[in-house]
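Each of the next two complexes has subunit A plus one more chain, namely subunit B in the first and subunit C in the second.
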Partner chain A sequence: MSEKRARISYILFWVAAIVYLAPLVVTLSNSFMSSREVEKNYSTASEQYIDMNIIPEKVTLSQYSKLLIDSPVYLNMFWNSVKLVAPIVLGQLIVSVLAAYAFMVMRFRGKEVVFLLYIIVMLLPLQVTLMPNYIVADWLNIKESYLAIILPAVFNPFGVFLLRQYMKSMPFSYIEAAQVDGAGHGRILWSIILPMLKPGLAALAMLTLLDYWNLVDQAVIFIQEADKQPLSTFLAQINSGELGLAFAGSTFYAIPVLLILFYGQEFLKKGIAITGMK
Partner chain B sequence: MSRKEKDKEEKGNRIFGRMFIWFIGMTAVLTFFSKSLYNYRLPVVTVASPKQGRLETSITGKKADIPPENDDILYDTLLPIAALRQDDKGYYVLTLQADDGVLGNGYKAARAAVDLLDADKLYCAVEGLPEGELVIVEATSEIFAGDHVYYEGGEIYDEKEE
Partner chain C sequence: MDKEKMQRTKIHNWNKKIPLYMLCLSLVGFVSFYVIPFAVSFYYSVVDNPITKEYCGMGNYMELFQNPYFMKGLKNTGFFMAVSIPINIILSLCAALGLRGMKQHSGMFNLIFLIPLAIPSATAAFFWKNFFGLHGTLNKFLAVFHVPDVNWLDCKYSMLVMVLIFIWKNIGYDMTLFLSGLSNIPEQYYEYADVEGAGRWWKFKNITLIYLMPTTFVVIIMTVVNSFKIFKEIYIMTGEYPPDSLYVLQHYMNNMFLSLNYPKLASATYILTSVMVLFVACIFMAEKKISENLIS
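Take a look at the complex of A and B:
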């Protein structure tokens, strides 16, 4: 009976995997089609349903050439995304480590209340905090710059929560021993906590990268200049006559994130698993 | 999982890390050369600025369909005959317009309707062209209004004797 159940589960997992991967495969294969073929496949002028092909009739790199060479706007947007995401990831790692250490090791009045506030803010949807962020950005006069997106992202409470949970899995005896030996908080953090925190930091970096590589709401609201828009807003600018560019653009857009995820998948699994243990 | 399997998995993961660095590197190189690559594919244009002058008497040019009536008239706007174009809306020229896009300073061809007053074998007299415009005389490939073009600088217009 259990073998039968295992077989059924196996089949169900395969079906789920195919359903999940199908859009990615279609996007990838359509990116190698010429614009005429894409128009032919997705034209609904005469019929109600489209006739979608997975395998291109003729494999061509014309869409990629159009995207990367004929339209250098795309590359500009790619680097805008990098300029946004890199400081966010770096800033969040630094701030989250320090805050998580404070919540974990230090004793101060109201610690639990403050952490509860962190969790409440973390649970609020983005759209709820967008207006207050806009008002504060206006006060600080940073509304039209990347700082309006970077600063709220750097102080996102999710990183603090993740690293605090990760630190809870560490043996506290190391810290106590260091304190007995006279080590200060800086020494404890640098020499004891950080080396053991690497998987957690890698997991946080990857999750932050994923989250902010795809940001659209903040970019649309805070950045008005077309030259400064990140890549996540590119698809919104494609019109219906350039579907081939949309496929090529999406593929190119997904590549760096996929590579990072495949590289750090072990850290991600470890980091998320351990945060759930305590 | 055995140590061997773990090492194999780590090696596999490291390949993705190298691929990521290669990807970023190639994108950086492509971005660095994007302006050159983009300009390389653009048609190169030769331009002239309108000058004052008189026309010569003989006319064999195919573009102008009226013979010069009076070669003593000093026209305000003389252009090379190659710059004059015609479509169903009438005569027009393509002017060089600055287009500051993502790559910095670039140029576009813009349509400017003109009235043809007179012409000779080499030049034509027009009116209706805004002052200070550079007119596209020829290009390395066919261009239309709105196309991006590459302008190297300089003009080909010969000085006309007044």
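Take a look at the complex of A and C:
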């Protein structure tokens, strides 16, 4: 019975996987086509159906050489993305762990109200927060730098929200026991909470990375110089003109993230083992 | 003796304050980059225009409810959220449970579900446009069965197409959250239940669902947040003038943003936010009730 159920779910996952992989496969295979071939396939001029081919007529690396060798611009933009997103992920992790821990152990009036505020403010759409963010960045005199994008992202309430919720189902008796034994907050956080928090931290890091790796709007508003733009902005803007380059660029841009995600998901499923509890 | 005691209370007091500093770090940033913008935009929502800044009370709000574009956007956004959010949450929970029980390849499937979030939106939108468009692959396929060509991006069902694209993109997000939440449930609880001879459904209802509640709360909120982002895809696929059926609230907001009509933008947000607040407050209460009953 259970065997059969497992097999059915396995088949369902494979079917879903094909749908999920399709756009990646198209992007990947089209990145090995020449510009001319891509242009021809996607032309709608002659009232024909679009040819979404996945097998190139002739395999060529010309798009990649244009992207990676002919000019340093794209590699530089890729590096800009890294410089922008790495501090965001790291900062968000640190700030959120500390605040979520504080929310768990502190007892004060209005705690839940502050927490509710964290959640509600998160619901504001980007178009609305952009202009006030601009004003604040102006006050702090960081308008022209990456900090104007990094700081709001680091303090995004999502992390605090996720980790606090996550800590809720942790056995509180562990912490109380440690407190009785005289452990300070630093020690409790480091040796008790963090090891149990690994799946939550992995989820937070992965989702923050995904959220900001493809950011476009903030970069357009805050970064003026072309050579400081992240690659995501560029990729969002070339689709109409040089299609072939867009395919190669997207593949090149998505692969490192997928590798990191592959590493990160290992931690997602590691559960906690509770020993010595009633 | 007394000195030692004093020393200890000193350390104790300092130790007691640490969480406060931890919270403050986050609060300072949160206030400057989120609460202030929140307050500033409320101020704008009650003034006449961004230049003279004359107080006009509820004027902006009243005008919005008479604006046909705003109402159309509101209706379409409401429909989109009502359909896509529950489906997305239920499917991703099923997927997370499925992956959790899987012995091999679960890591690979997990990664596959995250691919849509890793591909730049413009590229993904380009793919879907060429799939659902008038000359797209779907029509090419349907033509084999002599189905006439339909522009799926401009018909009665286009919003459902957006629902599909949304689900395609966001299952991975919610699934990741659910997976991390599931690993937080101690295996022992299931073992105890097994000893008691509990059935599959009982375990799901009384252990998994209950202990997953805090995570589910995060998932609901984040799915709402992400559902606003579908605008990006619609915008890339249909341009500045989308068909009526795809005109969402963010089109209106975006136009207000581009035309620098900040008061209208802010009021539209506050209407949207107040609906959200009611909704969030309800699930917040429900969640609080359930998590108070958690055994720990």
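Just so it is clear, the second predicted complex is superposed on the first by the 233 of 278 C-alpha atoms of A that agree within 3 Å, B and C clash if a C-alpha of one lies under 4 Å from a C-alpha of the other, contacts with A are read in each partner's own complex, and residues count from 1 in each chain.
Following the convention adopted for this analysis, a contact is a pair of C-beta atoms (placed from the backbone, for glycine too) under 8 Å apart; a residue touches a chain by one contact, two chains touch by 3 or more.
As the structure is a computational prediction, the values presented were derived from the model and not from experiment.
Peer 1: After the superposition on A, what does A:142 contact: first (subunit B), second (subunit C), both or neither?
Peer 2: Touch partners of A:142: none, neither subunit B nor subunit C.
Peer 1: Comparing subunit B against subunit C, which has contacts with more of the residues in subunit A?
Peer 2: Ranking subunit B and subunit C by residues of subunit A touched puts C first.
Peer 1: Contacts for A:79 in the overlay, against subunit B (first) and subunit C (second): which applies, first, second, both or neither?
Peer 2: Touch status of A:79: first partner only.
Peer 1: Return first, second, both or neither, reflecting whether A:13 touches subunit B, subunit C, both chains, or no partner chain.
Peer 2: second
Peer 1: Is A:203 contacted by the first partner subunit B, the second partner subunit C, both or neither?
Peer 2: The second partner, subunit C, only.
Peer 1: Using the superposition on chain A described above, determine whether A:265 touches subunit B (first), subunit C (second), both, or neither.
Peer 2: Once the two structures are laid over each other on A, A:265 reaches both partners.
Peer 1: By the touch definition at the top of the document, which applies to A:70: first (subunit B), second (subunit C), both, or neither?
Peer 2: A:70 sits against subunit B, while subunit C stays out of touch.
Peer 1: By the touch definition at the top of the document, which applies to A:214: first (subunit B), second (subunit C), both, or neither?
Peer 2: second
Peer 1: Where does A:192 make contact in the superposed view: on subunit B (first), on subunit C (second), on both, or on neither?
Peer 2: A:192 sits against neither subunit B nor subunit C.
Peer 1: Output the subunit A positions appearing in both contact lists, the one against subunit B and the one against subunit C.
Peer 2: Shared contact residues on subunit A (touching subunit B in one complex, subunit C in the other): 262, 265-266.
Peer 1: Considering the complex alone, what residue numbers of subunit A touch subunit B?
Peer 2: Result: residues 68-70, 72-73, 75-76, 78-79, 227, 255-256, 259-260, 262-266 of subunit A touch subunit B.
Peer 1: Residue numbers of subunit B touching subunit A in their complex, please.
Peer 2: 9-10, 13-14, 16-17, 19-20, 23-24, 27, 30-31, 34-35, 37-38, 41, 101-103
Peer 1: Give every residue of subunit C touching subunit A within the complex, in rising order.
Peer 2: Residue list for subunit C touching subunit A: 15, 18-20, 22-23, 25-27, 29-30, 32-38, 40-41, 95, 98-102, 106-107, 109-124, 126-128, 130-131, 133, 135-137, 139-140, 143, 168, 173, 176-177, 179-188, 211, 214-215, 217-218, 221-222, 224-225, 228, 236, 250, 253-254, 257, 262, 265-266, 269, 272-273, 276-277, 280-281, 284, 288, 291, 294, 296.
Peer 1: What residues on subunit A touch subunit C, complex-wise?
Peer 2: 6, 9-10, 12-13, 16-17, 19-24, 26-27, 42, 44, 47-50, 52, 95-96, 98-99, 101-103, 105-106, 112, 116-133, 135-136, 140, 151-152, 154-155, 157-158, 160-162, 165-166, 168-173, 184-186, 196, 199-200, 202-203, 206-207, 210, 213-214, 216, 232, 235-237, 239, 246-247, 250, 253-254, 257-258, 261-262, 265-266, 268-274, 277
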